[in-house]
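To keep things simple, chains are lettered A, B, C, D, E and F as they appear, and every chain counts its residues starting from 1.
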Amino acid sequence: MKFGILINEGPYTHQASDSAYQFTKAALEKGHEIYRVFFYHDGVNNGTRLSVPPQDERNIQNNWTELAEQHDLDLVVCVAAAQRRGILDESEAKRAGKDADNIAPGFRISGLGQLIETGIESDRVVAFGD
Amino acid sequence: MPILHTVNKSPFEKSTFKSCLDHARPGDAVLLIEDGVYAATKGTAAAGLIAARNGDLALYALGADLAARGISEKSVIEGISVVDYGGFVDLVAEHDVSQAWL
Amino acid sequence: MTTQEELPGASGTKRFLYVNRRAPYGTIYALESLEVVLIGAAFDQDVSLAFFDDGVYQIVKGQDTKGIGMKNFSPTYRALGDYEVTKLYVEKEALEERGLSPDDLMDITYEDEDDDWAEKPSIRIVSRSEMTEIMAAQDVILSF
Amino acid sequence: MPILHTVNKSPFEKSTFKSCLDHARPGDAVLLIEDGVYAATKGTAAAGLIAARNGDLALYALGADLAARGISEKSVIEGISVVDYGGFVDLVAEHDVSQAWL
Amino acid sequence: MTTQEELPGASGTKRFLYVNRRAPYGTIYALESLEVVLIGAAFDQDVSLAFFDDGVYQIVKGQDTKGIGMKNFSPTYRALGDYEVTKLYVEKEALEERGLSPDDLMDITYEDEDDDWAEKPSIRIVSRSEMTEIMAAQDVILSF
Amino acid sequence: MKFGILINEGPYTHQASDSAYQFTKAALEKGHEIYRVFFYHDGVNNGTRLSVPPQDERNIQNNWTELAEQHDLDLVVCVAAAQRRGILDESEAKRAGKDADNIAPGFRISGLGQLIETGIESDRVVAFGD
């Protein structure tokens, strides 16, 4: 079955991203397909590569980046939500005249249409948030 | 079409659990995750909410979230099934639509 | 359960329900949910909006945000008709619990192309049990 | 020492308003801000909570947050004073301690 | 109101109360609140912790977070005595509403230097009205 | 009177930072002193300079940066909370081996002790959050 995953909160502050990660891993283990993981609202903050969590804590961004690499996942960060909150890739940074970007490997920035598409193309959409 | 409802907040902190039960149809499933699992414990001020729908709804709680919060399986209200993340995935697959009560 | 309920919407589209349960301004969920609805309107799906719990506060008349320094996005709900988003289900019980009546809500209308572009109300007041049935008839529920 | 309590959540969404009232001493002040101002409106299912303490607590609501949410001053429960941000500042100054019910 | 209540704590220190009203793990507030308490302990102020509402869940026994991939930080509460944080007020009504008794809480103790380092319980079960009085006697209340 | 301000939520998602900003301006207009504005939990996200809000919305980070400039405010971002969430200044970035930083002008990163100090040195502490 094809699952779409929606993550609405940032890392560490809410359990949402952790729960979504455990769910996604379990779905993959059961042989399901993950159509897309879409990051919205504060969820876009999962996609920063500048996070430096304590050594004895999980690294949420790395977890997603590695899972994406292993399973060829499509991790999409909503561009409008990301701009509000300061998550940029190189081309967004250039367009906005910013001197740095912070998107993590394995994540890509795209439009809200990708969320609608996830709803259309997936058999199930599962949302995690506050 | 039966819906899988997920609730992730304590019934003492937020009204999402109550609103979910108020809007769930007989035959729907409710899965308690994260802080939502506190609603699954015996003897609380919220236990009446469960009791009123225990029977016409299928009730589940995520085992990993129960364990994290120090809730032993014997503290879980009878009629609530404890599932793991794989069971969560199965519930999503078995129901046509999932609704997260955020 | 009718056959109609089991199939996707007409001509292969899906039924999308956007559930609005949170008040505006205190958090951004209402505003960013509306942004999803506007983008989603371009996809030619069967779209409905549900307002209950504190979500009914989103469409209350007379919002004036000058004092809090935030943008008043409530006029955007009135533009939904232009995007062919015409089904806004509002729960009666949610209004009552908050001391509100349908008269406290904004006039949100659309022009019905099947009825000589007559202007019709988009807001449909429904009971809690009707709301439950509306949710049960969807293919995708997005709740922010 | 009288405390200034601030509540910023809807009484229908979260339990902070109720918990604040349960823990406020007679003579304390409660200021409703942000989504907390919904608790100040007449005729709601939460109005009883206010009525029970209207008199032994000093009750305030932030005008800018009322206006943003379309709540006219005539919809505000009698006994609740509407203040602006300057009034918020004065309330903080007049009370020895502020407690935010987050 | 006694004079003691009106003055700052002994020797010019302030009375700090950390209010814990939220459950652990679902959000980070409990953990990051504890980090404030640990850092604050170095400042030689008069420190108390209050646990009520869902905050009482923070100090429940037997937490095991392996399955959710998060760090179990509950042992840190047991170390608070080493930081001379020895007053943990827990509301009786909050426990009862959650079907909990004091036996469900971790053993959190400190060694009393004024009593030949005798080991004493840090947790003090108080009624809701006592909790209200405890809050009224503080100079700074931080609630996360 | 000396006020300390505590902000526990990020920009845009919660009204907390907006309310704190309006309160701080009003306090300054009334002649009060702001001892410090301390950003904790997701509040640290107010201090990113990479945010690009829509043209017709307020720019929360700019608002704070300008207010700090006009009134010589001390805007402190908690280092531990900031590291978890990917808010870094140049020296933190270097120490962590990151290739970019994102702290906004007028904000500085420091320890939690600065919050305790705010409690000790201020006549009042006012907190804004979720």
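By our rule, a contact is a pair of C-beta atoms (placed from the backbone, for glycine too) under 8 Å apart; a residue touches a chain by one contact, two chains touch by 3 or more.
Remember, predicted model here, so these are calculated numbers, not experimental data.
Chain centres here are C-alpha means, and the one lying farthest from chain D is A. Two chains share more touching C-beta pairs than any other pair, namely A-F.
Centre-to-centre separation between chain C and chain E, using Cα means, comes to 44 Å. Per-chain Cα centroids separate chain B from chain E by 30 Å. For the pair chain A and chain B, the distance between C-alpha centroids works out to 26 Å.
Residue positions of chain F touching 2 or more other chains: 8, 12-13, 15, 19, 22, 41, 57, 80, 125, 127, 129-130.
Among all residues of chain B, those that touch two or more other chains are 8, 12-13, 15, 34-35, 64, 84, 97-98, 100, 102.
Across the assembly, chain C contributes residues 25-29, 53, 68, 70, 139-140, 143-144 that each touch 2 or more other chains. Annotation, chain-chain contacts: A-B, A-C, A-E, A-F, B-C, B-D, B-E, C-D, C-F, D-E, D-F, E-F (touch as defined at the top).
Those residues of chain B whose C-beta lies close enough to touch chain E in the complex are 8-10, 12-13, 34-35, 38, 41-45, 47, 63-65, 67-70, 72, 75, 84.
Note for the complex: chain E touches chain D at residues 1, 5-6, 19, 21, 29, 52-53, 128, 131-133, 135-141, 143-144.
Per the touch definition, chain A reaches chain F in the complex via residues 10-13, 41-42, 45, 48-54, 57, 61, 80, 83-88, 92-93, 96, 98, 100-102. Within the complex formed with chain B, the chain A residues making contact are 1, 3, 8, 15-16, 19, 22-23, 25-27, 29-30, 32, 123-130. Those residues of chain D whose C-beta lies close enough to touch chain E in the complex are 1-3, 15, 19, 22-25, 96-102.
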